[in-house]
Amino acid sequence: MNFSLDEWFVVALARTIRDREVVFHGFGSPCAQVAMHVARHTHARDMLLVEGATYAVNPDPPFVPPTGNDLALQQGAPYRMRFEEFFDAAVRGDVDRMFLSGGQIDAYGNTNVTAIGPVSAPKVKLGGGGGGCNLAATIGHLTLWTTRHRSGRALVERCDFVTDMGHRTPEGSRAELGFTGGGPEWLVTELGVFDYDAGGRARLRQLFPDVGVEDVRAATGFEVGVAPDLRPVPPPGTAELAVLRAADPLGVRRSEFSARDLERTFTHGHRPGCGC
Amino acid sequence: MNFSLDEWFVVALARTIRDREVVFHGFGSPCAQVAMHVARHTHARDMLLVEGATYAVNPDPPFVPPTGNDLALQQGAPYRMRFEEFFDAAVRGDVDRMFLSGGQIDAYGNTNVTAIGPVSAPKVKLGGGGGGCNLAATIGHLTLWTTRHRSGRALVERCDFVTDMGHRTPEGSRAELGFTGGGPEWLVTELGVFDYDAGGRARLRQLFPDVGVEDVRAATGFEVGVAPDLRPVPPPGTAELAVLRAADPLGVRRSEFSARDLERTFTHGHRPGCGC
Amino acid sequence: MPFQLGADKLLGLDRAAALVPDGALVALGGGLSARLPMALVRELVRQRRRGLHVVGSAHGIDVDLLVAAGAIAVCEESYVGFEQDLGLAPAYRRAAEAGSVEVRESCCATVLAQLRAAECGLPFMPVRGVKGSDIRSLHPEYGEVTCPFTGETLVAVPPLCPDVALLHAPLGDRRGNLHLEQPYVLDERFAAASRAVVATVDELVSTDAVVAAGVTVPAHLVAAVAEVPYGAHPTSCYPRYAYDRPHLAEYVRAATAGGADLAGYLDRYVTGAPTEEAYRKVVGEDRLAALGRWSESTAAWQELFA
Amino acid sequence: MPFQLGADKLLGLDRAAALVPDGALVALGGGLSARLPMALVRELVRQRRRGLHVVGSAHGIDVDLLVAAGAIAVCEESYVGFEQDLGLAPAYRRAAEAGSVEVRESCCATVLAQLRAAECGLPFMPVRGVKGSDIRSLHPEYGEVTCPFTGETLVAVPPLCPDVALLHAPLGDRRGNLHLEQPYVLDERFAAASRAVVATVDELVSTDAVVAAGVTVPAHLVAAVAEVPYGAHPTSCYPRYAYDRPHLAEYVRAATAGGADLAGYLDRYVTGAPTEEAYRKVVGEDRLAALGRWSESTAAWQELFA
């Protein structure tokens, strides 16, 4: 069976969702968006999927469009939340997981989507955080991702600007700030998958087979802890790939990847531990 | 032209409404309810009428039913506010007038709809205040009314319990409490019409023709100030009576009056100052 | 809250009502004599529920019947009664005057602020009014907060998270999607702020049918739904039926007289009618059908209320 | 607020836009590339508006075009950009990096809390999050408040009362009743919290027709309404038209290049097209009609976005 890195990456994101979770993604996040539909039609059939910018509940879009606020993303939804209805639910703790990315992500899972360089005179003004700076405080778990790990600019020791809090900032830990959400649980990149250690720092857990620990170290701005049980990223299953390809006929997920990474393709047969 | 006291009373209430006001009534208030429809179809055609318990905007009910939360009161309304939409508008000061009654009304226009006697062991437990204890603070003007003035128990020097604040309570004046609403502007009873003096005390301004100042004094628990220009209540106009009779075919307004007052009927011809 | 992700929440009325424990903080949906959750109220009486703490806006026979049956310990509604038409709530009034029910009368706007605090996960909410009203003396739980910008002191109220909200809707599906007609009163806020929503619907339909009518309360906020035709009777549930004024008058007469008369009402319509099927028989299918004829003409509508 | 009781609020687009003074605090309706008030935005550029302070949630070409034309002094949106598809907002980015626009980036949930404070007439609103985020450093106007019940310290935000909210709707009447399709984003909150709502509608219809479709924003909250077909183009206004992705791409290319390219876009589509009739001609009636064909089939819909 053949598949590309972008497909495997989306499946890896999907697998961070547990069944019966209430899950949300921010806008401008095609990989997370597609991943949620993959999860809902494979291992998490009873999850509650909230479409990022439409707040539609459990829609079945005919396709994922290039913009997050489109009617296509509401098709088949029995209910559309109001803006305030979703934010209230998230802030009171009724949303279990949010997908979050950033131009910079630091060792503690703090993310920067506001500005590279000093915010008063940015080197690059990024788009902004949407609702993240409140949502990150109270949503149960965060799945972080970046498709630009290799650039060396994405994973940094310290963000130039913390838009959304991870496990700890100079202001203190989540517990010290009285936040009810658990913070970052996973960080998925085009090189591998991280979880977070007891101190709240990212720790390498899984590698894509064409990547080595040294590649990760070279691309990462903070010191990379490695889990004792470091393993390859489990390959996607045929069901997952089928749902993914049906959900994203326009391939909007691919817009997140560099040309080089879009060329990464994989094959595997039926081995033990294979999900297909 | 002949008309009854209950009709004249409702017209007197209607005339406390100015054109282009946003006006609301509480539930269990048939006289106020009918008065608002009379005003909207005579001298206040551009008022915004908010139906008490349905929050319907400018409805044209086929009839006024005996309950305040009925679909009949929403007929013809281009819009129905949500509960919170109305309360927010009122609390931020966008509602100009509310009609308010009470089992007790004191000299400062404080009203009691909670309990006669000590609230811990009431002599009579009344129904309760609905939204009044917040609305009375911020709505522009209050028109108070009672149809039980003659009983001697309605207008008292001091309420046993202040449910809704008038101009002043032991806690202080409206200004001292930082309230933005103007408080009681008119008090209409089956004996006459009061306004409020600079000190916030009720002052007799108009009398129904079959009532004397001494009747009012005898029925009133506080010292009655009398306006230098005390006059009879201006009689209803034919248009007002026609609208009133069409709006209230079931005569629900009559449920507020004693048998004795329901027998009071009046006749008048075309005199100067006659509204008909 | 928390979200209820089950696909089938259909229960019998008895098991639905059983989700309300003795002593629960219960939010009652609807208002005055419209869309009150009467089938659930009657079932709670049949099950001899005790010590309930009820909260809501302006209510009537739902609260009075629960008080009459001895089910309520604390009453925190903003109003309980039958308006100008049928007057004070007889059982509520008697219990309040005797001190057998604790009256914590509240205000619609304050209850709204408390529900919003719960809905937004906030530990308090400031409110504008309340000062100057003795209502405050009934609520030692209220506090004060000073505005960090204006220095103004405002009354602060704690969040209100009912254990259960009891709602009635004309239409719903087995997942728990509910369609309501306006006014929704506080039903939407109760649904979001309560730990569980237990609903009755006049008619159980497909999800598509509820979606076509419009989902007012979404399935993920509803814990249980029971199908009970005329489940709001003797109050209204438009567009299906108007309120039953003569029945309300019959109740008010019995409750005012108390003693054997009230016991007679309870026996005839509640405890002696072990199910809602039995209740509908006692009320009479013809009478119930007549309440649906409000829509035939204005004259027919008025006649129901004359 | 305050309520607008006029019976006829229909104005030409020029007079409607004239209700937005230089330096006004302006709320922009819609979100991302959906239902943005583009006709009003273009007219503000034609009228050389200056010094605007814009607030909202997640926006795109509306803010970027106003920045490109030099109309904005302060930007308080939670996001400005073209998502993953077309990337960063070129003019906004350039101005922010050059310091010619003051960036007071905010958060959707914080803006919501501030609008609610205005809506409820409260001098402040507590919020849960914000702590731990540097967003707070961009808002010296935020304060802190201690919960009188838990002792917890929360960030307090002041009320947000925009001078004008600019909204676009598919349907409306001359009284100002507006029908919107979901997501409403913050439009309902803007309407209640702003001093005035200025709206455009794709089609002006009778009050009965708006009522039949469902009134989302009521007339009493609307100060002025102008009829502008395709008034949200190049963003979407379902069910009438999908967004015009190629047009957005053309804008992003021109704005990224800046200089003559950007001037060319502005001349071709905005300043050089003195009216919206002229704008529609330049865009092409065929192209506009094609955006309405999303509903013909999934294939047709996908093609628009390919």
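Each chain carries a letter (A, B, C and D) given by its place in the written order, and its residues are counted from 1.
The criterion applied here is as follows: a contact is a pair of C-beta atoms (placed from the backbone, for glycine too) under 8 Å apart; a residue touches a chain by one contact, two chains touch by 3 or more.
Bear in mind that the values here come from a model prediction, so they are computed numbers and not experimental data.
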item: Set of chains adjacent to chain A and to chain D; value: C
item: Neighbouring chains common to chain B and chain C, by label; value: D
item: Of all other chains, the one whose Cα centre sits farthest from chain B; value: A
item: Distance between chain centroids, defined by C-alpha means - chain B, chain D (Å); value: 43
item: Interchain centroid distance [CA atoms averaged], chain A/chain B, Å; value: 60
item: Between chain D and chain C, distance of the C-alpha-averaged centres to the nearest whole Å; value: 40
item: Chain C residues counted as touching two or more neighbouring chains; value: 120-121, 128, 152
item: Where chain B touches two or more other chains at once, by residue number; value: 91, 138, 180
item: Touch-based graph of the chains, sorted into line, ring, star, complete or other; value: other
item: Inter-chain touch pairs (all); value: A-C, A-D, B-C, B-D, C-D
item: List of chain B residues in touch with chain D within their complex; value: 20, 22, 46-48, 57, 78-79, 81, 85, 88-89, 91-94, 138, 180
item: Chain A residues touching chain D - in the complex, by the definition given at the top; value: 27-30, 53-55, 62-63, 65-72, 74, 80, 82-84, 87, 90-91, 114-115, 119-138, 161-165, 169, 171-172, 174, 177-180, 249-250, 252, 255-256
item: Touching residues (chain side chain D, partner chain C) in the complex; value: 113, 120-126, 128, 143-150, 152, 154, 156, 158
item: Of all residues in chain C, those that touch chain A in their complex; value: 1-3, 5, 7, 118-121, 175, 177, 192, 207, 210-211, 215, 218-220
item: Residues of chain D defined as touching chain A within the complex; value: 31-34, 57-58, 77-81, 83-86, 88-89, 92-93, 96-97, 99, 103, 105, 107-110, 112, 116, 127-135, 137-138, 152, 181-186, 188-189, 236, 238-239, 242-243, 245, 294, 298, 301-302, 305-306
